[in-house]
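Note that chain A is present in both complexes that follow, paired respectively with chain B and with chain C.
Entry: the complex of A and B
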């Protein structure tokens, strides 16, 4: 028999109480794991944005276009390293329900600004040299089974083709990956020039611009210069960091961070009170036994350690099973939510955070009972028993 | 101090402060216990029997005087040192057995050995020997809830002797048992004293129990009022 056996036997002496306590912790970490994964998925576009990347939109709103002439003027602003422009295509594959994130871009500058897009050199060259070529993200290619060389028809729910239809034919020139696993590769990129030549709405308009600055410390100055340049024009601009833009976009559906924090904090606080009370009660019931152990020669510090370990173990058993359930839940729903939340995963960071919270929970709930056990006077305990 | 003396109390006093009142349990108490002795301590309720036993076991400290054990003064030891001293030298038997309800007999007996450096095999051997000595080898895997009061007290005795302590302290060991079972337990203590040379101090209010001891000390109002050799 060792100390762990004694802790285990103490922990499991009342199976129903253990189950209910662990279940409460299980629920807390199930909520934590699932909700934090959701928050991370929503914020991934914010977190993955480069620090020195700015976006320039029409001040009226981001669906309004900007004149192509702005592109050269922005490129000339001091502090701008690279600039590219993008047009939202509103694409879908075969039927409107199968939406595809598709953008018309200027290929070379796009890849300079978005360095997280990783393309093999030969495929990059092939895309540059084929005006009908399209660069498809790895996940998107997997979804529809597209391969290099495939001719794919993509329709637009915004634009009409010069031939009178809504469908453009593209050739898959390359398949790109992200530089991190979180980077969303459910998108496709094609030539702006091809788009302009083949659509019917007048040309020479761009959706928005993305640029990198020489250094993130110049972001504010560059943004101000750009907006000042186009002030009082027919198309005033609104320049902000990509991070800020994405964050503001996400916050249109509510302050996610606050919601997450409130839910998790409320759950945690409730669990903390319940588990703390249960632990205190469990140790109080064992006052006589602790006094016996001390009488037999178990040191106060050893008993302190045993009580605290028991509380930690309860927190870990409940917490790890809750986290495992959250992982199963996230894995189960991520396919269904892939279109809306492509980065929905319960990753190592979330698991690590949860582990820290489990240990804290065990520590906080076990500390007071452990101190009481530490300070327990044998004579007083036996008198109370009689 | 003679080599035969195991325990000695010199001018020991014990006081409690309750509100503004100072209550004296003992004052200037002297006592000697030799190796191999079996002493019964009797006295009315509130006479200080249990307090004296606690002091002998190092779970309570005197307010004044000296407590010597085998040449070491223990009343000045720190709490940690006293805990180690208890683990090495004292075996305890309580009135209500005080077994751990979640452990079986074998595990309960093994508890004091967790504080030693004995190997797993040696521990198992010691536990088997202790259980055999109290006649409970066949009950090793039983939980305390599956045993009678007498059997539980025998497990408690096995726990008290398993680490081969120099002194066994018993606090009303038969107080919760019927006469026949109490006699079995007392015979066992007597056997441990007579055949195995264990020094035993037993607090009891039962004169029949005290007869099993070699001598009886009567405690009243914090003083020994008479000494009687039983055997």
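Entry: the complex of A and C
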């Protein structure tokens, strides 16, 4: 008899039970896939930051500004390759609720420091040469349907235009892409000079600086030199790698995320325990039949293999369909959530993890009954049946 | 009728008595129910705690004014002449010293979080005498109030709880300036406890704020009546401000973690489906195991209905036990758990998980539902199976 047919018959002998078991596994992996994708999306900015990029903030807090004179001083520090400065604009489009990540930057050095930003050469030139020009990320342009040459009004929830009102008019000079799919392109960049000339506060201050070092091994030394340079001045600095900064920022959201994810993962494992228990029991019920098979001359190793394959198969059928559903779900909400979580993606890594858990589930639930079957003594088994 | 009840009771007792024989099955069912309930409660307690922290902060007698479009205090900028104009406006309460108007300032500083050891944003709020008096629910828990014109500050109880280095007598450095902690205040657990308070003029001069502010709080002449204020703002082009009652402002900010409750309900609902499948499986198997026993009972003259009820009762007992365990676990692990997160104003909001009685009720309902559904179908099947078939199958 075909081995697979036998396994199939065993599996489907109680269709309702098979369905319920698979369904529970399906749900467990649906949640696993969706929640892990969510978690990875939340952490992705940490992993994407370049190794040799440092950020320099005011020591008081990153919302406090720095004098622009610091820019030249930092550029002169040994080990610094490129440095640029940025100002947070607090932009929104038409309504305060539609926030737009927008920063006033020094254009040429910005593109040197942020190599992830990919702009066609002619658009780059056009942006450099147009003081009112703005470089818009691909995803952001998609959300609002902006095209090159469009004039777009962007308002600030912090600054006031010196002509009155809070709205600045920009011209879309170029649209940039990220060098990888994960790079968040929901942002826009415009000229620092234009910003300074048109806002009412005046002054020569910058929000923060970003710089690349010659080599990531110099990071610590460069950071220390910069902070020492400005120690005991009116504006002390705090220099750290971008990675460390992003990580600290995400930690501000706090252990809430951690609590949620640990709760969900505990639940995931508990469902697996509950299901595994039923699966193992389902096989134990069949002790008598296994004795019959042995009597008929099935070798012990063959039975071992069959029992194990059965539980593996159940785990995989339920798990893979759950994972597929999670993928559909993530793909489905991706565009909808793009504004909040641009990097929501169920990638190979997550699928691989899920696969490992499925195999483990199949293995653990199948192994013990399979061993019992392997070592089963026919006579005792028949005796037990009575 | 009496005999039916007697039958149901004896079948139920028998089922419960034999639970030990199906130990693993029963435990699986308890576990499934416990997990679903615990998850739901964890999410709800978090959302509840945050909402309470926000809601408790807002008074309907106080209006808060910010630059239009700013949406939070952090972004807003207000100038001295605007403060003066508001002081002259209708609808603002006055006392012997003049209008009850408190211009306020907000500098974000770094503190080291105890939980992670990393820096996180804390608001350092500048207040004057009027502003202090307006916060009627403020109480000094320890120490004394700061002296205006000095580098002294008082810290909120929440900050003290979640951050290192803000104990009384400690000196804290923000930029070039050393601040001394002279007191700890409580505002009844609301969001103000996540703040540091100091003298407004001192902050203005230390952090180059000139004569600018970020928000204005004013006591209203009539409770929650912001209309006269709104009218004067509309008439006066120099007042580019938005006005709302403090209650409305914090209510909208409290909605922020509402998504956690929603997310919690969705996840628990989906998980409940999975757990329900597990529980149904368990009950089906357990009933199938006892098909012969149930058939015997029926052959002895017990009614179908009592067999049915006995099985449902067993499932409900298991599910409710699980529900209790789950609630207990959630209570032990989460109730009063202090945490903080980034709030709407870009600063840390310190709050505690709150496991209120109505949450337990929701958990109990969920457990009962799981028990009922997972017991119903297997019980139905067992009660309808012809006695003769049951005997033949079991043989």
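In the analysis below, the second predicted complex is superposed on the first by the 367 of 386 C-alpha atoms of A that agree within 3 Å, B and C clash if a C-alpha of one lies under 4 Å from a C-alpha of the other, contacts with A are read in each partner's own complex, and residues count from 1 in each chain.
Going forward, contacts are C-beta pairs under 8 Å (C-beta built on N, C-alpha and C of every residue); 3 or more make two chains touch, one makes a residue touch a chain.
Predicted model only: the values in this text are computed from it and were never measured.
Aligning the shared chain A places chain B and chain C next to each other free of steric conflict. Of the two partner chains placed by the overlay, only chain B lies in contact with A:9; chain C stays clear of it. Once the two complexes are laid over each other on the shared chain, residue contacts for A:129 go to neither chain B nor chain C. In the superposition on chain A, the chain among chain B and chain C reaching more residues of chain A is C.
Within the superposed three-chain model, A:94 lies out of touch with both chain B and chain C [touch as defined at top].
Using the contact criterion defined above for the overlaid structures, shared-chain residue A:349 touches neither chain B nor chain C, since it reaches no partner. Once the two complexes are laid over each other on the shared chain, residue contacts for A:378 go to chain B alone; chain C is not touched. Judged by the touch definition given at the top, the superposed model places A:295 against chain B, while chain C stays out of reach. Shortest separation of chain B and chain C in the overlay equals 9 Å (C-alpha atoms, whole Å).
If you check the complex, the residues on chain B that touch chain A are 54, 57, 59-60, 79-80, 83-84, 86-88, 92, 94, 96, 98, 100-103, 107, 110-112, 114-115, 159. Looking at the complex, you find that chain A touches chain B at residues 1-3, 5-6, 9-10, 12-13, 288-289, 292-300, 378-379, 385. Across the complex, chain C meets chain A through its residues 24-25, 27-29, 31-32, 35-36, 38-39, 42-43, 46, 67, 69-71, 74-75, 77, 107-110, 113, 115-116, 118-121, 174-176, 207, 260, 263, 267, 270-271, 273-275, 277-282, 284-285, 337, 339-342, 346, 348. Interface residues of chain A facing chain C in the complex, by the touch rule stated above, are 16-17, 20-21, 23-24, 26-28, 30-31, 35, 58-61, 63-64, 90, 92, 96-97, 155, 157-158, 160, 166, 232-236, 247-248, 251-256, 259-260, 263-264, 266-267, 270-271, 273-275, 277-278, 281-282.
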